[in-house]
Amino acid sequence: MSDPFWPGDERAGGLFTGPALLAAMVRVEAAWLSALVSAGIAGSGALDDLSGLAGERDVPSVCDGAEGGGNPVIPLVSLLRERLRDRNPDAATWLHRGLTSQDVLDTALMLCVHDVLERLRAELVAQAGALVTLAGTHRGSLMVGRTLTQHAVPITFGLKAATWLTGILDAADDLDTVDFPAQIGGAAGTLAAPTALAERAGLTDPPRRAVELTERTARLLGLRARTPWHTTRAPVTRIGDGLVRCTDAFGHIAGDLLTLARPEIGELSEPAETGRGRSSTMPHKANPVLSVLIHRASLAAPQTAAQLHLAAAEARDERPDGAWHLEWPALRTLARRTVVAAGQTTELVTGLRVHPDRMRATLEAAGPDVLAERRALDALPRSSPGPYPGPDPGSDPSRYLGATDLIIDAVLDRARSRTEAP
Amino acid sequence: MSDPFWPGDERAGGLFTGPALLAAMVRVEAAWLSALVSAGIAGSGALDDLSGLAGERDVPSVCDGAEGGGNPVIPLVSLLRERLRDRNPDAATWLHRGLTSQDVLDTALMLCVHDVLERLRAELVAQAGALVTLAGTHRGSLMVGRTLTQHAVPITFGLKAATWLTGILDAADDLDTVDFPAQIGGAAGTLAAPTALAERAGLTDPPRRAVELTERTARLLGLRARTPWHTTRAPVTRIGDGLVRCTDAFGHIAGDLLTLARPEIGELSEPAETGRGRSSTMPHKANPVLSVLIHRASLAAPQTAAQLHLAAAEARDERPDGAWHLEWPALRTLARRTVVAAGQTTELVTGLRVHPDRMRATLEAAGPDVLAERRALDALPRSSPGPYPGPDPGSDPSRYLGATDLIIDAVLDRARSRTEAP
Amino acid sequence: MSDPFWPGDERAGGLFTGPALLAAMVRVEAAWLSALVSAGIAGSGALDDLSGLAGERDVPSVCDGAEGGGNPVIPLVSLLRERLRDRNPDAATWLHRGLTSQDVLDTALMLCVHDVLERLRAELVAQAGALVTLAGTHRGSLMVGRTLTQHAVPITFGLKAATWLTGILDAADDLDTVDFPAQIGGAAGTLAAPTALAERAGLTDPPRRAVELTERTARLLGLRARTPWHTTRAPVTRIGDGLVRCTDAFGHIAGDLLTLARPEIGELSEPAETGRGRSSTMPHKANPVLSVLIHRASLAAPQTAAQLHLAAAEARDERPDGAWHLEWPALRTLARRTVVAAGQTTELVTGLRVHPDRMRATLEAAGPDVLAERRALDALPRSSPGPYPGPDPGSDPSRYLGATDLIIDAVLDRARSRTEAP
Amino acid sequence: MSDPFWPGDERAGGLFTGPALLAAMVRVEAAWLSALVSAGIAGSGALDDLSGLAGERDVPSVCDGAEGGGNPVIPLVSLLRERLRDRNPDAATWLHRGLTSQDVLDTALMLCVHDVLERLRAELVAQAGALVTLAGTHRGSLMVGRTLTQHAVPITFGLKAATWLTGILDAADDLDTVDFPAQIGGAAGTLAAPTALAERAGLTDPPRRAVELTERTARLLGLRARTPWHTTRAPVTRIGDGLVRCTDAFGHIAGDLLTLARPEIGELSEPAETGRGRSSTMPHKANPVLSVLIHRASLAAPQTAAQLHLAAAEARDERPDGAWHLEWPALRTLARRTVVAAGQTTELVTGLRVHPDRMRATLEAAGPDVLAERRALDALPRSSPGPYPGPDPGSDPSRYLGATDLIIDAVLDRARSRTEAP
């Protein structure tokens, strides 16, 4: 996988690619087949883990066959049946029995997303670690706070790092709430076919057996069982929202870097990796490309996630007439790009170069303005008759940092409590 | 409030209107003033609940003054100070001391949203109640399941109602996770001004006192305390995502109604309220206007919620240069429209007219096709040698409902467990 | 009209407000009535310009009645008929005959948009004028070109102004292509009712007469005649796209200002109007609020315009089941906000303060880096054996401006040719 | 190229793929090199059409190198220089001299889009042809008009086909307005490097020569010359808007098909190609997959096109810090998907199966309701004293078609005038 239209795409490796989707669909079929055998519906001879039956080489033919039925499951099942015919005719017979295309595809998407979120969680942990360090190290690195682009009052870079960290922790909290249900409902979400299979196999209480088949399959795949969600798409929108909250947090950091790494400000620089940030014609340039690429991702993500909501709202009948199909590429694109941006953000915060001298210089150049608010407070009457216990801050901005350290502490505590959670 | 461009807008009444925002901002200022007095920073004479000082009549002048500083807080504070000068000069002096515009506006937005979510929760409860009844009543109302617009296999209307209910329960679960933090950080999120005020008042450990001021203010307003979130906007995006998940669920229901109320299908009708659904020229028409208007809302919401994510990603410096300002109208519009759509959905599901005879007729007309899947299963070998215990379904579609009842039960259980939760 | 959630909203005055929509709908009904009389379908006694019959005071009741039929036309027609009953019973009889709600609303929207575009064109002319002046005045104001936030090669502020101007001219060109069709098609776009009216009046070739009625009505309203476009919504999406291209151009300018007005850069400042840009607590601040508010608008517009495309794509049957309703508020909001941003942009570019000394200082501080590209070219072989005619640029950045002046000239020519066009 | 997440993707073949982009970038470099030679800046030995130097096999390595500088031009230029070193050292020396990455990439994007639009135009012509035939053939095929999902008044299928055709003609008109400028401006849009090259070559009036270089290069590539548009992105947004207007028109058609092909309505069917529309489990099904997939595309396109506007609004400095990068994948995705949807729409309208008998049956079943409007008109007074010339329509809906035929004629005339245009 490589995409010249999305520099950095290779960071997402094989996650949620065409081959990954195909492999995940095969896993779903294998798990269901196994469940059919376990339940006694299919004979034990039908057991087959389908390994090696289909792979990356088959992606083109599956794609070519996808338009006919509107999804890639139909050609994949044909291909698997064809190849099983010699290797395991019983498996060929029982493959996919009781499932519908949407079962296979939705569940495969969850498997792909699951891998993505595992990777994202690791990135968030790495980012949080780097930011904890930055917040601690730069607790005393005074800089000017900026609001609406103008100088406001003093802050420290430690506080800014803690604010970035807050965004990362919020995103991590949100990812924690995402879960991954398997989708197994049959043609119209009634489990009619699995129930009929159980009935034909002479099992007692066939509907209950059908539900158990779905539970066993979910368990085999490491997913949660849930009543069919062919047209109730919260499982999908929750993932999309969780992903865009990550890019929100990354974009926030990249945006600050893009401002603070301007040469006129120069308070931060991107990591100094050889060759990063080159220009095709200007030998002196060191562009903040990580931040540029993260910024790009954070601009793109909201509208991609919105497509998932649109799809959810347009879910009609027992399977929608286009809204469902809209979800697959949106989720894929959003997921891969979030992984890429996560990796770039980790590299950015881990290798970030901080220039406290420049921060201090800006603050000094800003002069008395950044203490104007403080001086305005002096015009207020004092409610206590006693002597004024605190000295006038004079021109020392470090005397006007308020509760900055307490706020940093609170964020660091929050980070720590996440780490120490079971 | 009434908006000819959004029929039904009046359902949202005074929620999140201009006057509501103004009132909420006044509440924030009053709570902060009270906290200053309690802490001994302002003298007890400064206590003033600000009641009656500003109201709906002042909205135009606050609006006129809003462009100058870029937000409505600045003109409101001027107006309040002016009016307090005679009534309570001490309050005039201490009003807004230690706060920044964003503190007041963000916290006021949370108060407005809080009222919206209370209303939404009540609507969701009402909807869930109606859907529980429908799912139970129509457990045996056979209808055809439709996928990709075509007839698939039999379902019951009870199952469809349970599916709608799943969407509502998902939305309700998501709203449960939303919380409402107060925003108090001062000019750059350091609490520098409140700390200075505490220092000038001779209080010990002024930073700690400043943090306590924020906590007390949050408590007075019924909000949660949180470290400043001027540029970490998850509190806002979580609300936006929660709202759009509501319209997703509403749109799903309305979409089904719009299909099933087509005269050629006729399986459902909107409530028969007099005058609803009239045409300006065609006396016979009864348009499904509730569903049309809900559908509209569900098409609009995703892109509005996406604006909140864009704003979150673009949050730069210690206060953003436009992204923050983008949030206010997006949140207002999304919130009011969700309330309107919620009310319309409640009316729709509460008064829904179900036509089981038409459902049954469609199923019969569909004929043997809807059992084709079932018959295809008969071609499979049986793994058990025993006699086939289940009779052939023949042409009776009720014999091919699979686990429909178990699925309905699971959804009803879920609904019940929400109701019975403390 | 005033909206505390959108500071500056009052700049759009009465354009495209509820009352404006109501007035426009009345105009449409009056024009149609007049056409009916002219054609001899209604007697001359039915002529009534409907003036004074309904106005701002009626907006609330029209709104309250709008949900019942799903649009504001139905209650407005009832109200007009009611009030005409005494004043002109014939007009009461003939009012709205042959029209459908969508005819009235779509045509009224075009009237509202027409006024908006007239205003926008005037703003664009004013902006172009100011930018022509800036480009000319600052043809020699050297500054550093910035790419990916970093210093690149020298430019002049004249070139930057010319680039901004290019955006404005592009937007103006696009608005020139927008046209305003009337919508008159009757219930399902067949003109069945007007044809029947012509037939009953004994007119020859009734269908032709019906088409002529639509043409006359369009002419009376200053709109173009077009075959019914109830479900072919290019007239709407073209307007939306035209509006967002305006905010794109405004946002581009505001974005540059927000960077260049940062205190560390200080090359541009917003107009120094008293009181603009104040902070609620920091007396020294002069926030670039015009640019902040323009930036906000340019972030919001794309997703609003996208709703119009979604509506166009979802136009089903002979009138859509929600997509049409989605257009009204999207168009209204987009139009008003574009007008507001246009006014702010005019104020910004008209009063812009340019600091060539700071520009020059930045360039000098950038030092030899901005000529690095130039020096790299010196490593290339020369194809001509003759003496090198041009002196080495040395350290003088004005020697490395390339075709800057020619490019400025080309843009100024383009501006001039627009002005001189008939 | 094949994408299992977007069934039908293979219809777009090699258009706007990674290899296509690479080939287009090579074309841009070759044209520029040729212009340098023609101008006498590079010696004639430097002429090289770069053919065979880089191709599909190099996409992965170009991608891998793209993140470092943030775009694929930098690694491509390195690769080309490396390979030219042996084959043509002079060309290696002069390659890319005077260009900047954005010049190459923007111009290459235009080349890719150009091919896409050529294909789209052919599809629109084919669609228009098929719809002209349908409108003519079914001029007399009566059907019920539907508004807000309910039966309104009679129409003909010819009118519906003419309405679809209107959408296609609107889209074609819009594509006609798109033009394709080359982008050549150098590092900051000043043509400084080409001017310096001209100067070093001893050419007179070097800035003019630099501009001529850009004009010649544009001509060689079949593109239009334009002043640099690095940050004025109307050329891009116009294309995006033109593409989404195509999918709007396609979605409109597909939406109608999805309704009218429902089994309960059955008035239209998709082309009966073998194997199209199969289900993975239900042997009887014939899903309208073309329409489903077109519908999907029309839901996705608006938000993708909106990203281009966002990028345009966020274009800062002399090259943006992420907004530019956002455009490439958005344009690529939008373009390919529009081509795919166009092909599916052509197949749909060319092979559409129309069932006039079902249309007529629906209309008859609708009964007197569809003439209710007509009867309501009979209550109106007649202005003319003469005998009523037109017979009562009675129960014959064909008597209530109004100006349907005139409207069809007007649309067919419009289609014809496009075809006959030079």
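Think of it as A, B, C and D in the order they're written, each chain with its own count starting at 1.
Note that a contact is a pair of C-beta atoms (placed from the backbone, for glycine too) under 8 Å apart; a residue touches a chain by one contact, two chains touch by 3 or more.
What you see is a predicted model; the values in this text were computed from it and never measured.
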| item | value |
| --- | --- |
| Touching chain A and also chain D, the following chains | B, C |
| Interface with more contacting C-beta pairs, comparing B-D to B-C | B-C |
| Distance between chain centroids, defined by C-alpha means - chain A, chain B (Å) | 24 |
| Inter-chain centre distance, chain B versus chain D - centres from mean C-alpha coordinates, in Å | 37 |
| Between chain B and chain C, centroid-to-centroid distance (C-alpha), Å | 31 |
| Of all residues in chain C, the ones touching two or more other chains | 70, 100, 146-149, 152-153, 186-187, 193, 258-259, 279, 281-282, 287-289, 292, 299, 303, 306-307, 310, 314, 321, 373 |
| Residue ranges of chain D in contact with chain B within the complex | 146-153, 258-259, 261-265, 279, 281-289, 292, 303, 306, 310, 362, 366, 369, 372-373, 376 |
| Chain C-facing residues of chain D, complex | 40-43, 70, 93-94, 97, 100, 145-149, 152-155, 159, 162-163, 166-167, 170-171, 174, 177, 186-197, 199-202, 206-208, 210-211, 227-229, 231-234, 237-238, 241, 244-245, 247-249, 251-252, 255-256, 259, 298-299, 301-303, 305-307, 309-310, 312-321, 373-374, 377-378, 380-384, 386-390, 393, 400-407, 410-411 |
| Of all residues in chain A, those that touch chain D in their complex | 2-11, 18, 21-22, 59-60, 62-64, 66-74, 77, 96, 99-101, 104, 186-187, 193, 254, 258, 275-282, 287-289, 291-296, 299-300, 303-304, 306-307, 310-311, 314, 321-323, 325-326, 328-330, 332 |
